[in-house]
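So that we are looking at the same thing, I have put the structure below in structure tokens.
Just so it is clear, A, B, C and D label the chains in written order, and each chain counts residues from 1 on its own.
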């Protein structure tokens, strides 16, 4: 019954020797959640499969669910140690939580290459020399998601199921809001004051019973409070599942899942679309780099391929429109995407204000990468905690 | 219905509780069953009522052999048993208790059950409130209800195991009248008791059990001479030796002094109590169940704190100090339920003595074992120093509990000190308590058995409805007067006189 | 106002697995057996129910499987405690942990898979009634079942012959034995009946209220149900009230993030568990001798109503709860 | 007679062992992997490399501390399910000096942290005792409630006062400065101080329970509080003391988790070690002589099972299944609880 994890079988036998390297190259991944979560972790897992498929002679091993709830006595370092013991020469860790552990393990194994996905320790100079950071510019995906939500909502009430509070999640919420507000004002012709946008943070990337808020309950609560589009910011799919249930119970609620291209499958009827990560091409590039022995530290923040958002071989960030998005709104959304693509629209243009009224981007300026990366508060107009 | 048993045998491990018993109980009569503790009376009754199954032998009802696989079979056959401690459900009302697991078809409805119950109660002369909760009734009342329940469920044979142990004289009279009435209606009654007088008063025949056998084989018609029955039951140990002893003068200070004490426990309240308990006395507390004896004992043990007033022990005010402080002041409390509240079943005598050591951080096993050995010799306890207390017989447990009373104890509070013990064991226990008294201890005990009170007390205190009478020298009291006082006759005048 | 009714309806729905499990536990505790394995049983049943429903695409089969698991664990508990006479607490606790790990182990392939769910089923005609319709008739069958189970349990315990025997089993098994009832067999039966309900409650999570399967999916619900049964004084109506109170507290906790931004919601969300225990403590404290003695010193005017309140609050456990019974 | 009792004494644990493995094997078979491979990892995996061995020891140390503490409460007749919470409170309390005075010399700071941790755990356990004594809440539920509260407080500390500079994640506080980590052997994660302290605790508790009057009194209270009280034992006080002693040891375990394992406060700092400790204590029948071997075995199962998902693709929870089954079947082969029913 456990056949869902074939990649982990060492019995799979050595891949046929390749002309390129002659010997097999193993890369390992430590995932924070389960590989089939329909979200963040599945996106990473499938990217690894993509690499194995595209690069002969590359073997993939992993340990998933490395978090204090599922594996209380396993630390990231330990998991990495196991993977290296199994022969991994490149390690990918996929959670912001893994920053310290990745650095500790990387320091202990200078001969191994490390990718810490979503982190910034290279940027801050705290990482050993064998660590790279990789992240996608999901801000665009979230703007599109926000726009789709704003185009669809009837009540003018959007809810965002947030994970934990850190710069990354804040900038993603802000992007969503900016996208939503823009489309609300420009396509729906309504005032920003009429748009309710609420965030509830559950406390972690996904539900850890007893530690985080229960996303199922939070989503239900959004619905009971009259929010009719739920945007997910967490790794898992509770938002779309609950929206789907509510719709079946006679309400009209939509959802925008996150992270994984196939996430709409859990509730086609309510899915407005999904912004997702496509890690495959970049992992492939980095695996080749590591195999060639050309590893060096870098902090990368990769954007979409604007010419074809959904190209599996080139675009790090994608957006698939969902069945619940009406044709009319889909057309408007395409228009919006086109504006983002050609640069005529940059939503991070001032004036933008934080919740407490302080200035995020001054009038007439455009935020640079570092400002956006280290967003310190939610924007004015968003209901929800900026900082704990 | 006539009951016959043939070659009935029941073993518990190495104990042969019933050894090839063969007897017959004729219908329509009251049959007494006598025997010392552990003679096998209860075992026989439990076999007859299907509560346990025999190892060998058979039971015949009206000559028909029947296999009883459980109490249900027995009741179907018409045999019902009232256990010594009524086996009812205390949390239920009288009516619920009656209906619980009643055989199919006996009661068509709650209402029908209630009517039937009230009718029967009237016939037997019992007073009953169908809505009352059982745990608010006395043991005697609960026994009456059990009897009626069994009769209503169709019992033709009624077995009563020591029914008079926990009930008052008045209740005993009512019970006997009812039993005669039931027998007169043609039913058979088996009456188990230690008490010769009761058997003499009530029974048509008597069967004496000794070590699991009937002695002499077969039933005896009543009446029989008391000495003869005693000899059958106990061999030589049963000979009476009650000697009245004059009270010595007391010089020691009183052990307890109660000053204006008001105390409440449950629904019972005792007001403005003033009493002094002198050293070197045995004081018996007499009264109906729940008249205040237990409250008084627990008050003296420091287990309940008075609402008002003072409790002095050896002249020191210990009001509200807690039972530990009382103990440290030399007060020892011996509960009725030895294994439950008295001692630690899994601990041996040695462990108990070790527990009593008061100095040093480390346990001195050697001296504890020495003390245990000595206690076993002194108190004739059938055990080794390392036998778990739970494996001792009831009498030996009681002796062990007594042996554990520290030598410097000033006051001993005993609740039913001989509960469930036979005459010989009881006498041994009393010998010990008297020795303590002679050593200057004050012994206060409560007992439902008036004979025990009369025999062993130096002074008697009568409790009636939460009021505590003045101490009366035993020498000035007759059994009849005591029985009257317990029932409240003349109690007012007694209290006024003080 | 309308929002209030919606919220109450949400509480009624959210409490449904708790109610079902609590009724089951009430029944078995009334018969004298504590099923301390509840938390593990619910997890294992939730997992099994979901796994079966996913594989067969049949929700009903999922519930059947979950009920069987509940019964199975109850039987194991029975064999160890009723038949072999081991401490119910120890066995129940070990079973709770064992079933939890078993659910994690066997459930691994089913983590976060999409699966079928109990369909929404408004009662035609009644669902559109104002207020009442929202509260009671716009739910799914599991929630209706939880509604019906409360009076059914009360009826069973207080109005039937079976109920008399069950209650007597918990109060004085020896008395029931003396009346010709097979104590062990009845205790098994009630334990299994309770287990079946607990199993169904587990599936009510994974197939309805918190649809899907993940590790520790029903987090702590089993423990809280055990506490609620005590809080409810082993009386079905009060036990149900406890479940609703708990569900309400949980919803309040979810809401509190925006209402009380200074307190992390994570602290608030454990609050219902803590509050439940505190309430239990208060209830017990109220009927402790300490308080009763204080009350006794008050003037009569105060004493009477206070004693009445305490009497209502007082919860006495079945006298033979947790005690083994051996046939003589 | 003698012979047969000897045989049953030897066969009973053996039977339990067999039954537990049969049960676990069934669970393994249902996943389709070879049980032998799985057992090889679970039983011996922890001893296969120095790194794993050291991980096992670092799990065994806090586990032993908890189990030793629980053997005290078991002797006192209490089911201290609150041990998880006591560990958490110990960890939180230990963090206080570590965060307040990072400049004090490390050994002094560790001593301070250990004392704080023990006090924190003891305090938390004492609350359970008070709830039981004065509010009549069974220690099981009081303990569970306090566990929830403790983890709530830990989460509050992690998200609130002690949160990281830039984020508010439940993953934990910032790591402690390096010099505050307990020194480890070479490249292993083994901090020798942890097992040493745990063994010391074992010795002290064994001595206290079997040789001292306090221990005898605790056992008396555990068997029959009413009778113990009658015989002059301050039963209520002993109950509080046993809980506090257990809490102190659990708190110490929490402190070890902070300075030797996680080097930070994480919400799940107790990592289920307390509950595992309950299983250990149950299996060892709270007998101090059995605590050490059982602890090592259980820690080895847990550490060994970490490789299961990696090499066999099955979940590591099978270690928990094996542990639970062992205790369950061991319970079954014990003497009945009700053999010493009341007589008289």
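As a working rule, contacts are C-beta pairs under 8 Å (C-beta built on N, C-alpha and C of every residue); 3 or more make two chains touch, one makes a residue touch a chain.
Please read these numbers as outputs of a predicted model, since none were measured by experiment.
Undergrad: Hopping along touching chains only, can you work out the least number of steps from chain A to chain B?
TA: 2
Undergrad: Using C-alpha centres only, name the chain that sits farthest from chain B.
TA: A
Undergrad: What pair of chains is linked by the most C-beta contacts?
TA: Pair with the most C-beta pairs in contact: C-D.
Undergrad: Measure off the straight-line distance from the CA centroid of chain A to the CA centroid of chain C, and report it in whole Å.
TA: Distance between chain centres, rounded to whole Å: 38 Å.
Undergrad: Measuring from the mean C-alpha position of chain A to the mean C-alpha position of chain D, what distance in angstrom results?
TA: Averaging C-alpha atoms per chain gives centres 38 Å apart.
Undergrad: Would you mind pulling out the distance in Å between where the CA atoms of chain B average out and where those of chain C do?
TA: 42
Undergrad: Starting from the mean Cα coordinates of chain C and chain D, work out the distance between those two points in Å.
TA: The computed centroid separation for chain C versus chain D comes out at 28 Å.
Undergrad: Spell out, as numbers or ranges, the residues of chain C touching 2 or more other chains.
TA: 108, 220, 264, 266, 269-270
Undergrad: Among the residues of chain B, which are close enough to touch at least two other chains?
TA: Within chain B, no residue touches at least two other chains.
Undergrad: Indicate the residues of chain A shared as contacts by at least two other chains.
TA: Counting only residues that touch two or more other chains, chain A contributes 1-3, 65, 69, 201, 203, 210-212, 388.
Undergrad: Please give all chain pairs that are in touch with each other.
TA: Applying the touch rule to all chain pairs gives A-C, A-D, B-C, B-D, C-D.
Undergrad: Touching residues of chain A toward chain C in the complex: what are they?
TA: Within the complex, chain A touches chain C at residues 1-4, 34, 36-38, 65, 69-70, 198, 200-201, 203, 207, 209-214, 216-218, 220-221, 224-226, 236-237, 241, 245, 248-250, 265-266, 383-385, 388.
Undergrad: What residues of chain D sit close enough to touch chain B in their complex?
TA: On the chain D side, the touching residues are 211-217, 220, 223-224, 226-234, 340, 342-344.
Undergrad: Show me the residue ranges of chain D that touch chain A in the complex, using the header's touch definition.
TA: Touching chain A: residues 30-33, 49, 51, 55, 59, 148, 151, 155, 159-160, 163, 166-171, 175, 187, 189, 261-262, 266-268, 271-273, 302-303, 306-307, 309-316 of chain D.
Undergrad: Under the definition above, what is the set of chain C residues touching chain A in their complex?
TA: 3, 6-7, 10, 14, 108-109, 111-114, 117, 119-120, 122, 138, 140, 209-212, 214-220, 250-251, 253-255, 257-258, 261, 264-266, 269-270
Undergrad: How about chain B: which of its residues touch chain D in the complex?
TA: Contact set of chain B toward chain D: 323-324, 327-328, 333, 335, 337-347, 351-352, 354-358, 360-363, 388, 390, 393-394, 397, 404, 419-420.
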